[in-house]
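Let me give you the structure first, and then I'll get to my questions.
Order of writing sets the chain letters: A, B, C, D, E and F. Residues in each chain are counted from 1.
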Amino acid sequence: MTSTISDQLQNLGVTTFRPSNRQADQMRDVRITRNFTKHAEGSVLVEFGDTKVICTASVERGVPRFLRGSGSGWVTAEYGMLPRATGSRNGREAARGKQGGRTLEIQRLIGRSLRACMDLKKLGENTITIDCDVIQADGGTRTASITGAYVALLDAIAFLKKDKHGAMKGDPVKYGIAAISVGIYKGQAVLDLDYDEDSDAETDMNVVMTEKGGFVEVQGTAEGEPYSQEELNAMLELAKKGIAELTAMQKKALA
Amino acid sequence: MTSTISDQLQNLGVTTFRPSNRQADQMRDVRITRNFTKHAEGSVLVEFGDTKVICTASVERGVPRFLRGSGSGWVTAEYGMLPRATGSRNGREAARGKQGGRTLEIQRLIGRSLRACMDLKKLGENTITIDCDVIQADGGTRTASITGAYVALLDAIAFLKKDKHGAMKGDPVKYGIAAISVGIYKGQAVLDLDYDEDSDAETDMNVVMTEKGGFVEVQGTAEGEPYSQEELNAMLELAKKGIAELTAMQKKALA
Amino acid sequence: MTSTISDQLQNLGVTTFRPSNRQADQMRDVRITRNFTKHAEGSVLVEFGDTKVICTASVERGVPRFLRGSGSGWVTAEYGMLPRATGSRNGREAARGKQGGRTLEIQRLIGRSLRACMDLKKLGENTITIDCDVIQADGGTRTASITGAYVALLDAIAFLKKDKHGAMKGDPVKYGIAAISVGIYKGQAVLDLDYDEDSDAETDMNVVMTEKGGFVEVQGTAEGEPYSQEELNAMLELAKKGIAELTAMQKKALA
Amino acid sequence: MTSTISDQLQNLGVTTFRPSNRQADQMRDVRITRNFTKHAEGSVLVEFGDTKVICTASVERGVPRFLRGSGSGWVTAEYGMLPRATGSRNGREAARGKQGGRTLEIQRLIGRSLRACMDLKKLGENTITIDCDVIQADGGTRTASITGAYVALLDAIAFLKKDKHGAMKGDPVKYGIAAISVGIYKGQAVLDLDYDEDSDAETDMNVVMTEKGGFVEVQGTAEGEPYSQEELNAMLELAKKGIAELTAMQKKALA
Amino acid sequence: MTSTISDQLQNLGVTTFRPSNRQADQMRDVRITRNFTKHAEGSVLVEFGDTKVICTASVERGVPRFLRGSGSGWVTAEYGMLPRATGSRNGREAARGKQGGRTLEIQRLIGRSLRACMDLKKLGENTITIDCDVIQADGGTRTASITGAYVALLDAIAFLKKDKHGAMKGDPVKYGIAAISVGIYKGQAVLDLDYDEDSDAETDMNVVMTEKGGFVEVQGTAEGEPYSQEELNAMLELAKKGIAELTAMQKKALA
Amino acid sequence: MTSTISDQLQNLGVTTFRPSNRQADQMRDVRITRNFTKHAEGSVLVEFGDTKVICTASVERGVPRFLRGSGSGWVTAEYGMLPRATGSRNGREAARGKQGGRTLEIQRLIGRSLRACMDLKKLGENTITIDCDVIQADGGTRTASITGAYVALLDAIAFLKKDKHGAMKGDPVKYGIAAISVGIYKGQAVLDLDYDEDSDAETDMNVVMTEKGGFVEVQGTAEGEPYSQEELNAMLELAKKGIAELTAMQKKALA
């Protein structure tokens, strides 16, 4: 992580209003580990502090029925949490017999975001399924998932490029994407909320952006009081800073 | 509807780039009919042009298990579409055995938005369930649902106020809310997308605001190209205009 | 409604034993509104007093697997109730994850009755799905559904007739059908039970008949004491009268 | 079986229009075997010709939530078919994850019929569950089930009578019930349709009656052409004859 | 049953430590009844004392998708219990909406065991489904099921042999199989546990063997204390004796 | 790993018949990492070569309904696989809406094995839930799960020991357990099959033993030819050797 001035302040004993003693614009330590498991075409462990998500990309020939014969490929995502990824155990969705609304909402967001950065025509009739499985949760699992999933996706595409029979028609990636959460915590805009902040935040906003600074998704929810245009602007500024840092880390990991 | 200048232009044969020939900042005709069905404590038919949603509010004594004994009430929402509310028939969710991801996402949004405008402590240990059932869809069903649900909610609260045993502790409504969709269509920001525009829009954004102009939810999705800060700002400006109009209509309906 | 003598008696202050002050052989006001929603090939709002059901008919090319290649068409029905169509809210079947036994029983009855009036061979390999969704319930929803569904079905068939590629082979409708409930209430046979009567009736009977007076379905259930042959006969006589009135109204609506 | 004249005719080589060579008013051989399995409080194997159903009655202290504290008991029924009870194998409902509409419809009918012959107040807060499981099907499984279930129910009530702590308040059985199918086959009314007839019948009617000749349920469905009042009357006459014979057999079995 | 010495001892009033007064190495009376129901290609009622299971074998042309075109056949099994096959009623799996873990485990065991005795290539592209439905349970239902299922399977294969179009390529049965339970009860190895013993046994072991003495499945579970190698050996010796007896009975039944 | 002689042989270029070049009696590298995730009372990553399973133990006050008031505790287990833990992607069980038969079978085995090593009375009315989630599979996931779960269980019990209000009544652990797979591969008994061997093995056997050498579970399945008593004995000998090694590793990890 790079915000060296705030790091130095912390070393000097200067404390901040955030439970983690981070500066308002400071992200947690982010780590991106490729080839985390051996079977998947892309496999990434992404860590935003204590939030840890395994993102795998699986390549399959063929596409869902609604795309057959279209020449176009498909990218989709599924999301899950190990039952004890959280402070108290959550019932296993497989045992309860259905995925909850939160899970479905998150996996729809991940899939939509990844498709937004792709030219599916160039992918050819291949399907890439991204599984994001949270093994430890400490806030921001959906944005960590998107950030890691993008790296796993690129590894899967590299696999397809090497495959003579893979039916790809050029590089299907239009631009890199990453995602970060921002929020209003104790009246101030902060970057990359952890669980302690998330539980208490007045506003929670998830932002997905391209490496070039375009917005792919903005989802901001007032948990307490409504937020103002100024607060919205402040959060988006922090998001842009965070996305720039994440984009750099993704590039480094993929180098 | 009030944008009289654009109406007059249309009467003069001036056409716009929108399929409905509306101006960029012009909403569809909105109608709010209270007491639409007879059993519910609040029952509203809300129409945004050809989008028609029945919003009922049902009052029940008691709260879900996680709130029992807390003195606090609960507001929740469910959303559904009649199978042939749309251009081609969708399978009935009850027959398929589960609610789809889109449905769950929408009903979570409606419930969250309504709770945001309430002081649940003042509601007492009562539960209000809002059912939003789309009988005809033409784009914008989730924002129409929120706008109508707020009116049905107020009728349910009026019912509770009259009830001596209702356990309310003062007026639980903190501020009115309404919702509207905006988007980027043919490169321009437009207000209140109908189905034809929605299918083609580059960006689709749903905005929930209070009557005082605070943001409750902002959800903006790039369907095609990413959107810029300027486009985001333009969409939010239109949303504010739309919310102001909707707030006035809600007040008129409730008068 | 036509029973003018009983109407005049009521106007004179003569009261009857029925909660609604109707004569034993008097139906509620029935209204049939075609083209109620805009997308479906047939869309009817049917009202039996305060019972209101939206019946839509959706045309789809092709037939279920068991009929493919047979040259024969298919007509099927689904039934649902909005959660607050009733006095107290019923859990949404889509949320509970299955349709209840009552729902399945009713939709099987509707589908069977509609198929009974059709020559499916003449329909060609088309499927017509009838959705009957109760938006307000006050007794007799299944018989109102069948009566309205028949009108929606005719509109769907008219749509197919105009369609050059629709594969119809002549008019598939053999005869009109309608349905009405009868029962034994306070020891007397009555026509068209509303909810107040239905809850208290000794016997409840649903009768589906053709316009020519043939029986398609008779389903009579003793809720309290068993019923006698004489009571059965009396109920069927009332049913015949009611069906004749409904048939006339259907014809008028379709004119 | 008792129709000795028709039996003698058959022995003389006189054939009838029915595939089974029975007379129009002749039932199949019916056998009722009590104590068929050892665990249940009532256990009956009922056979109508080749239709064989195991009916067990299970006694449980307590009642469903909606009756707790009411002092009233409950009788309910469940119905199932072994997958290969029929000519070709049907998928197991437990494996498919739900009971079909036909199953639910039948078990609702059985439960309703059994409750109709009971004074549930006298049963006290006990629940009797009747399971009707078809091990071989040849038409008429629902009417055989009701006829056998009544005998199993009586055995369960005898068990409760002997139980000092059973909470019964007098004999809860108001009158005996039995059930039989009738129909119109090749233009004639016939009694007790087997599978060959059922598949071809113009009308199929199930009748549940008390031993005293009162109607509990009449469900008549036109499979082909609508049926007339005369045909309805003819079927009911046959049903009365059949019920009288079944009542006698039940009494003999219970003696 | 053949253990004549122990039978004679019992007749002389010599009692054993087993609740059923059987010798340690004595099986219950076993009965195998072919052609128990009329529709299935193989239908067997197998009884191990009071444990009674209907095993049917259903032949279907074609194979599951993963075998299509392979020329190989398939054998699979499903298992169920009537709700009141046991001392207290178990909820019906079809009503609960899923098969329990115990059910799935048992039907996987039955299917695997039957496939182990078959050359599926010789079966041709046919599927044989074995349904094992317990109508009365008294311990050992899974081993009784396998023993009876093998006989039903042979009848189904005999049916296929007679069928010119059946696509069989020689006799697909490699060797007969049978199954028996053994256990440690009151410190001693015993053969063929009934329910009373099973509930109290320290160890419960199910053994599937070929007629030639090869092991197909051994599943031994310590219910109380762990078991030793000596106990394991003693149980397997008893199992071999039991399997030899069952094999003889199967051959006699099939003769 | 300790089989140093075979290691030295491999270093000298001596190859074996196993794909992994292990000796017949040689286990894969086993690693047990405690405190793998931060929230659970016990959290272990267990690795058997490339098979990697996260085992967490979650402590909850109270017990399932059937144990309430008994003073006894409960231990249960759930098992899952990440969709891409395997060579090709498996559908997510949560998305399919149910756990498969294999999953249920394995989690029942894990739970049963862990309860076998416990005195549940001493646990008091606490529930420990063990989640075994496979993040990478290469054969032997169920035995690795049991081996790791035991270590996580001990950590959870240590947590309870420190808790004054934990209601424990002495140490509930009776003896340590571990589990290993053995099999017949290319005609020879081998220890600890990996995926390549497992797919090809003639026999696959899972053995759960106590640290003192007692058998808790033996489950041996002939995948190809039946196995003989001699082969069974040879497999059990290998299992004993493996269990001794695993027990030592568990003790070391827990030290």
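Definition applied: a residue touches a chain if its C-beta (ideal position, glycine included) is under 8 Å from a C-beta of that chain, and two chains touch if they have at least 3 such contacts.
What you see is a predicted model, and the numbers here were worked out from it, not measured in a lab.
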Distance in touch steps, counted as few as possible, from subunit A out to subunit E: 2
Once the Cα atoms of subunit B and subunit F are superposed, what angle does the rotation have, between 0 and 180 degrees and to the nearest 5? 120
Mind checking subunit A against subunit F and telling me if their interface is mostly the same residue numbers on each side, over half, or mostly different? same
Can you work out the whole-Å distance between the CA centroids of subunit E and subunit F? 29
Distance from subunit C to subunit B - Cα centre to Cα centre, in angstrom: 33
Which subunit D residues sit where two or more other chains touch them? 97-98
What graph shape do the protein chains here make by touch: line, ring, star, complete or other? ring
Can you list the ring's chains in order, from subunit C toward subunit D? C, D, E, F, A, B
For the subunit C and subunit B complex, residues of the former touching the latter: 37-40, 43, 50, 52, 54, 56, 58, 60, 78, 80, 82-89, 92-95, 97-99, 103, 129, 131, 133, 135-137
Complex contacts: residues of subunit C adjacent to subunit D: 98, 101-102, 104-105, 107-108, 112, 116, 175, 205, 209-210, 212-222, 225-229, 232, 236
